[in-house]
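This structure is in C-alpha cells; I'll ask about it shortly.
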Amino acid sequence: MDVLTVEKLNVTFRTDEGLKHAVRDVSFTLRNEKLAIVGESGSGKSTVGKAILRLNPPSTRVTAEKLQFGKTNLLACNEKEIRAIRGQHISMIMQDPKFSLNPVMTVGEQISEALSVHRNISRREAKEAALEMLKEVSIADPEHVYSQYPHEISGGMGQRVMIAMMVIPEPDIIIADEPTSALDVSVQQDVLNILTRLIEKKNISLIFISHDLNLVKKFCDRVLVMYGGRVVESIKANELSNASHPYTRGLMESLPSLKHRRETLPVMTRDQNWLTQEYTT
Amino acid sequence: MISIQSLSFDMPGSTKSKRILNDINISIGKGECFGLVGESGSGKTSILKCLAGQFQGWEGAIAIQGKSLAETSLKERSNTMQMVFQDPYGALHPRHTIRKILNEPLAIKGLSDKSERILKALKDVGLDETFLPRYPHQLSGGQRQRVAIARAIILDPDIILLDEPTSALDVSVQAEILNLLTSLHRRHQLTYLMVSHDLGVIAHLCERVAVMKSGEIVEVVSRDDLVEGNVAHAYTKVLLQHALSRE
Amino acid sequence: MIRSRVSRVTKKTGVILITLFGLLTMTFVIGRLMPIDPVLAVIGPDADSSTYQQVFDEMGLGKPIWVQYYYYLQDMLSGDFGRAILTGSPVIDDILRVLPATIELASIAIMVGVGLGVPLGVYAATHRGRLGDHLTRLITLFGYSTPVFWVGMVGLIIFYAWLNWAGAAGRIGFAYDGMFTSYTGFYLVDTLLSGNIEAFVSALRHIALPALILGLNSVSFIGRMTRSFMLEQLSQEYIKTARVKGLSERSVIWKHAFKNIRVQLLTIVALAYGGLLEGAVLIETVFAWPGFGQYLTDSLLMGDMNAVMASVLFIGLVFVFLNLLSDALYKMFDPRTQ
Amino acid sequence: NTPSDQLIIALKMNNILSLDPAASTGNDIAFINANLYDTLIELDPEDPTIILPALARDWEVADDNMSISFSLREDVSFHSGNQLTAEDVVWTFERVLDLNLALATTWKALGFTKENISNLISETGTHEVEIKFPRELDPKLVIYTLATSPSAFIIDKQLVLEHEQDGDLGHQWLTTNSAGSGAFSLEQWIPQDRIIMVKNAQYWGETPSLERIAMRNLKESQTMRLMIERGDIDVAIGMSVPDIRSLEGAEGVDIQTTQRGTLYYVAVSMQNDILANKDVRRAIRGTINYEGINDSIMPYYGVFHQRPVKLGLPATLPEPMYSLSTDEARKLLANAGYENGFTTTIRALNESPFINVAINLQSSLERIGINAEIISGTGNQVYGAMRDRRFDIIVGRGGGGFAPHPDSNLTPLLFNPDNSDSAKLTNFQGWRTGYHNERINELIMQAVSEADSELQNSLYAEVQSIYDEDVGALFPFSQMVNTVAVRQEVEGYLDDPAAMTRLRSVTKH
Amino acid sequence: MKNAEVVRNSDYSLKARHNPEYTRVALFVKSFKKLCRNPLSASGVIIVALLLICAIAAPLIATHNPLEQDLARVLASPSLAHWFGTDEYGRDVFSRLVYGSRVTLYIIFLVTIIVGPVGLLVGTMSGYFGGWVDSVFMRITDIFISFPSLVLALAFVAALGPGLEHAVIAIAITSWPPVARLARAETLTLRNSDYVVAAQLQGASACRVLFHYISLMCLPSLIVRLTMNMATVILTAAALGFLGLGAQPPLPEWGAMISTGRSYMLESWWLVAFPGAAIMLVSLAFNLLGDGLRDLLDPRTE
C-alpha cells in the first residue's frame, strides 16, 4: 500500500543570489518500508523531508504534481489541516537533539505535549504515556529523565528522547533526518535498534535521511540517491554495491575500507550531465 | 620523534577541575603515521592541544625530537610542528586571501623568497596560483583543507598534527585529502599524528593506532592487527565490529 | 558545592565593591575637576573675599587633595553624605524626597513600555520581512530617534494648551500642593489614600503625558529588543520540532519561543527601568517634574558635589542591584544555569 | 480657576538655596523673606524715595549725622509667639556680621565689622535701638540699607538660638526654616520644588486677605505662559521675552514692568593687554549696538541706559549716546596697533538676555575685525571667572542699585581701592575688571560721607564724567527692569524696585 | 554545528564550484544592492546620503549666510524668501539647518573615530589576554557603564567648559564601554577559533594576532554597532545642546537651535519643528542603516 506519493516535487528558495532550485522533480512512493535518502551535503535531502511537512520557510516555493498522503493532498492543506497531520500522521526526527529540544522545558513536558496536542487527554494520562514511551526507548530511569532539562542529558539520550517524542503520537510516517550523525558508533547502533523495534511494532513507515552509505546499506530497504536536488538513482539497499549510476558508485568506492586497503582512493569526477540528464537503469 | 610519557591533564573549571587526560604514554618514530581513535570526548583533541601548547599546566613529560616541550617556546615549536584542523571552514581567516594566509607564517618567521615558497606549497597540495587572490569563502571544502595543509607544510615542519582532517568533508572529498596526505607523507618524510573517529580512515593512513576511552589509552595496535581483528580491549572490539559490519 | 557557591558569592561581592569604589573615586575626581566653584554656589557672586575664604575653609577645600579624598571616602563609607548646598538638607533626605516622583513616573512609563513593546516586538518578529514588521520597526525606530524633549514640548502644546487633557507642569495642580497627606510620596497613591479625588484626577492628568512619552521611548527599546530576541529563538531548531509536533502557531510562539526570552526580557526591562531613573532628566526638565534627574542635573550645574556624589553612588547601587537581580532571574528561570 | 483665597506663583527656584537672611543673596529670596519677615523701615514701592515706618514706629538721625535711633512698635510678635524686642534687632545685625556670610558685604562696605558691630548697635530700651556709624556716612545710606538689604529682616532670637548647632547662630536651621514676624508664615518649603506660606492672623499690620501663597518652581517660560493664560497660576515671574510679548494684550493677564537699579553691562578686563588699551576700549564701547540691543533683545529685561548710575536719580547725568561708525572704530583699533583686529572671548550666562546680547556683540565686533568666541555657562562659571579675573569680555549684570542712591551703583561697579591681585576685592566689579582710577575712588569715598545732597550730587557728576572720559572697563547698556505677569483677578500686586514685593495687601476676586 | 550549517549551505551547482572571483568592489556593490533591497534600509541610505550631500555642498544648497543677522526680519514665517522662516536674529533657518548638518556630521565623525578604536582596543585586549588585563579593563568599563551617562557627559562638559569639542569628548567617554563590551564578547568567541590557534602555532605574537586576525573579525559587528550608535550620538549631542552645554552660538547645531528656538515655539513653530524633524530624520536614518547592516551580516532567514 502506498502511504505517501511524491511526484515531481520541486523546491525553490529565494536567496540573495537569486532563486535556488534545491529540489528538482523528485518523485517516489513510500510504502510500508524503510526508505533511505542519501547523497552528499547540500543535495537536497533535508529539503525533501521538510517539504513534505511544509516546514520550509515561508519564502520557499514548493510545487509538485502530486504530494499525496493517504487521501490527503498535502499541497492543498491549509495551516490548520497541515497541523493536524504534523505529529499525528507524519512526524520528523530533527537533526541534532542538542538544538532541537526546547532548553527551558523539561524533557517530559515536551514529550507529553506532543501527545496532548492531538489527543484530548489529561495531563496525568499524557505523563503516563510519556513515561511509558521513555521506557520503550530504553531509558533506564524514566521518572528521573522526565523532569530533566535537555542540557542535563547526553546526546544519545537526547536522540532517544527525540525519537520518543516523535513516535508517541503513533504517526504513520516518520522522517528521520540524520538521526545518528552526531553520535558515536556504539550509541548510533543503539538508536538504530530502538528505531527498528518501534517502527516494526507500531507499523510505521520510515524515511531515513543520511549521507552514510554504509549505514543505509545495512539498515534500510530502499535507497534514493540524490545529487544536486535530483534523484539520480533509486535502488534496493542490498543492491547498492552494484549500483549503476557513476555517482552512487563513486560514493561507494571512495570510502576507505578496513579490509581492503588501497594505496590511493579512487576520486570521483563529477559530471555536469548528472544534473540534467535523465539516468535510467 | 614525539615521546609522551605519563601525560595527565586537568581542565581547570570554574567549580572544580576535571581530569580529561590520564597517564598517556605514546612514542612516535620519525616518519611514522600514528593514529588516535576513540569515542567522542575521550580526549583525542586534548592530546594535540597539549602538544600544540594550547593547553598549559599538564603533568608528565613530552619531548619532541628529544627536546622537552616545556622548554621550547611556541615560536620554536612552530618550526618543527604544525597542525591541521578538523574544520576547514573555521581554520582559515575569512577575511584573508589565500596569499595572505600562506604569507603570514613566512612573514612571522621573516623568511625571504616568499612567493616561491608559496607557489611550491600550493603546488604540493595540488592547487595553482590562480587561487592566491581568493578568499576562503570562494573555495570548496576540499580546497580549503588543501590550503590549510599548504599552510602547515609551508614552514617545512617535521611533524604535522591532524585533528579529524576529513570528518567535515564528503566521502568523495575525503578521498582526495587522504590521497594528498599519503603523497605528502611519502615525499616529505613527515611524521603524522592523526585523530579520527573513523577506523577506516585511520587504518588507511596510519601504521599504528592508539584507542582512547575517557581520557585513557586503552590499547595501541598496529594496522595489521586491526585488520585481522587482533585486538584485546573490549572497547576496541566494539569499534571494530561496528566498522566492519558497515562494509 | 557549597564552598564553590560561597567563593562565587565572595567573588561577585568583590567585583561589586571594586566597581562601587571606582564609582566613588570617579565621582570624586569629576567633583574636583569641575571648574564650578561650590563656594560661590553658597555665597553668591557678590560676597567679598573674607567670606569666600571662610566658607572655603569650612568646606575643607584648602586641604591637600588626598586628605580630602580620605575624608570623602570615610564619610561615604560611614553613610554620611553630607548636606546639599542646593537644598540645605542632608543629601539622603533629598534623594528620598525626589525619588518617589521619579519612581512613580518611571514605573508607569515602564508599564507602558512593556505592555506595548513586548507584543509589538513579538508581532514584528513573527511577521519578519512583511509589511507589519516594517511598520512596527519604523514606529519603534521613530520612538527611538525622536528627541524626547522635543516630543515633550510638542505634547505639552497639543495636550495641554490646545486640548487641555493633560496637566502642564509638575506632579499635580498647584492648588493641591500640600493639600493631602503624604504617606508614600507617590501622588497617585497618596491622593487616593487621602480620599481627595479631585487631587487624584489632577495628579493623573499631570503624570499622563510625561509617562506616556517616556513610555513610548521604552516601547521602542523593549520592542526592538523583543523582536531581536524573538528572531533569535524562532530561528532555532527546537521551534521546528515544536511545529513538527503539530502545535498551533500561538503555542509555538508563546509557549516555546517566548519562554526562552523571558529572562533576557526581564533583564533588559530592569535595565530600561534603571535607565529611566537617570534618563528622565530631559523630560523632567520639560515637565518641571521635581524628580531625581532634575535634582542631579541641578546639583551638577550648581557644583553641589555632595549631592552629585551621593546621587551617582545611588544610581551605581541601583545598577549593581539590577545586575544582581538579573543574575538571580537567570538562576531562577533558566534551567541551564542551575 | 485658582482658589480665590490662594495666590499661586510660578518662578525659577534655582537661586533659592537658603532662607537665612544673613546668607541669602538674590532677588527671589528677598521676595520670599519680605513676606515672612519684617524690616525696621520700608520704602514705598511706588516712590522709593519715600521712607515708611514698619517695625520701627519712628526714627531720628542725630545732629552730628553719626547715629540713628529707632523706636520699635510694641505690639509685634513673631510667628512663634515671642515678643519682638530691641534685643532681637540688635542680635539680628550682630549675627549678620558674626556669620560673615554673603550679606555681610553690604555692611562691611559701610565700615561695620565683626569687631565693632556690638559697640555700634545697642538697645537703648526694650523697644529702642541706636545705630552708630563707624565713620562719617550719609545717613540716607544706612537707612536705605536697612530698608532694602535682604539682611535687614529681623529674626526671632529666642527661637533661632533654640536650634543652634555648634555655635552656628542657627544658620543651619534658618536655611530651611523661618523665624520672622511677617504677614505670612512658612508652612512648607521643598527646595527646588515649592514654597507654601499661610496667613499670619496675628500680623501687626492689616491682616492679609490671602489665606495661602503657593510658589512653585517652574523653569520653562513657555509652560509658565501656557499656565497663566489658562489661569492655572496667578503670577509668573521670570518669563522670557517672547512669552511676555505674546501675553501683552492677552485677555486676563497684566504685565507689570518695574525698574530695578541693577545694570546690564559689557565689561572688559584691564588685565588683558589689548583691552587695557584705551582706544581699543573706546572702539568696543562705540561699536556695541545699543539701540539694536535695547529694541530687539532687551524689552522687558531692561531699558536703554549708558551711565554707571541708575536712571531717575538727581545725580544721574544725561545719556552720552555712544556710537561709532565702523571706520572710526577701525581707525581707533589701528591707532592702538590692531588694524587687523584680534581674537578674544566673550563670556555670558547661558540665558536670555545675556547670551543674545553676546551673540549680537559678537557679530558687531566682527564688523570691526575683532573675532570673539562665545563661552557660555552658568552663573557660577561666568561670574566665577570674573572673580578670578580670568576673562576678556563679559556680558553681565550687577551693581546692586537697590537703594535710591548713586552709591549703591558706584561702589559695586567702579570702586577699587586696591588693584593688586592679592587684594582679592572680589565683591567689587571695579577690582574684577581691574579698572583703577584713584580720583574716582576718592570721589566715591568723599561722597559717601557727604550728607549734603547738593554737594554729593556734584561729586557723583564728576565721577561719571571722568569715567566717560577715561573709557572705564565696564560699559552699561541697559538698566534692568523686572517684568511680572499677573492675572487680572489679582489686585494689589505691586512689584517692588528692591525686590521686596509684599503680598500682604494682595486680594483676589 | 556551525560547520554543518556551512556545509549544508555551500553552493552546489558546478558553476559555483568554479568559484567566480569576487573582487572587493564587486562584493561591496553586491552587499550594497542587498541593503537597498529592503525599503527601510534603503530609505536610511538615502537620508544619510542626503545628509552627506548637504554637508559637503552646504554653500551651494543654503540660500543665505547661516550666521548673518538681520534684526529687521526676525521670526519671519516660512516663505519663498526663507523656506523655513527666520529665527530671532533674522537668520535663515533653512540655511542654518543645512550648515548644521556639517556640525552633526562633525560630531558623529569625531565621536566615532574616538569610540571605535578605543572600544576595539580595550575590548579585544581584554578578551584576548583574559586574566588580570580583562579584570582591570572590565572593571573600568563597568564603572563607566554604571555611571549615569548623561551625568557623565554633563560632568565632563561642565568640567571642560561648554563647546563642541568638549561635548564630543563627553559623548565619546560615555559611549565607548558598550563598544568595548561588544568587541570583548566577539573576541572571546574568536580567541579559540582554529585560525587564531593556527596563527599562534605559527609563532605569531599577541600583537599580530590582535591586529591581523581578531580586530579584522570584530569590525563588521563593530561597524553595525557604531552606526546605530550614531543615532544616539546625535540625540545626546542634541540633548547637551538643549541643556545649553553643547555647541556654542552662533554655531547652527540642531539641538542648540531647538533649545534657543523653544522660547519662541508657540508663535514661531518653525524654529523647533524643522531642527527637531531633522534630528529625528537623521537619527532614524542611522538606525535604519544600522538595522539593515545588521541584517546583512546576520542572515536569520526564517
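By letter and in written order, the chains are A, B, C, D and E; residue numbering begins at 1 in each of them.
Operating definition for what follows: a residue touches a chain if its C-beta (ideal position, glycine included) is under 8 Å from a C-beta of that chain, and two chains touch if they have at least 3 such contacts.
According to UniProt, the chain labels map to these proteins: A, B = Peptide ABC transporter ATP-binding protein; C = ABC transporter permease; E = D-ala-D-ala transporter subunit.
Note that the structure is a prediction, hence the values are computed from the model and not measured.
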item	value
Each chain counted as touching chain D and chain E at once	C
Chain located farthest away, centre of chain A as origin (C-alpha)	D
Chain pair with the higher count of C-beta pairs in contact (A-C, C-D)	C-D
Remotest chain, chain B as reference, centres from CA atoms	D
Distance from chain E to chain B - Cα centre to Cα centre, in angstrom	45
Centre-of-Cα separation between chain B and chain A, whole angstrom	33
Where chain B and chain C are represented by their mean Cα positions, the distance between them in whole Å	55
Chain centre separation in whole Å, for chain E relative to chain C (CA means)	24
Multi-partner residues of chain C (at least 2 other chains)	35-36, 153, 157, 161, 285, 301
Interface hub residues of chain A, defined as touching at least two other chains	41, 59, 95-96, 99
Sites on chain E at which at least two other chains make contact	4, 7, 10, 17, 158, 161, 262, 265-266, 301-302
Sites on chain B touched by chain A in the complex	39-40, 170-172, 174-176, 178-179, 182, 197-201, 203-204, 223, 226-227, 238-240, 242-247
Chain E residues within the chain C interface of the complex	39-40, 139-140, 142-143, 145-152, 154-156, 158-159, 161, 231, 235, 238-239, 242-243, 255, 258, 262, 265-266, 272, 276, 279-281, 283-284, 287-288, 291, 300-302
Of all residues in chain C, those that touch chain E in their complex	15, 18-19, 22-23, 26, 30, 33-36, 128, 134, 137-138, 141-142, 144-147, 149-150, 153-154, 157, 161, 231-232, 234-235, 278-279, 281-282, 285, 296-297, 300-301, 308, 311-312, 315-316, 319-320
Interface residues, chain D side, partner chain C - complex	2-3, 6, 8, 10, 14, 17-18, 23, 25-26, 100-102, 104-105, 108, 172, 175-176, 187-188, 190-194, 196, 214, 216-220, 222-223, 226-227, 229-230, 232-233, 378-381, 383-384, 387, 398, 400, 412, 424-427
Residues of chain B defined as touching chain E within the complex	52-54, 74-75, 77-79, 81-83, 85-87, 89-96, 104-105, 108-109, 133-135, 138-141, 148, 151, 155, 168
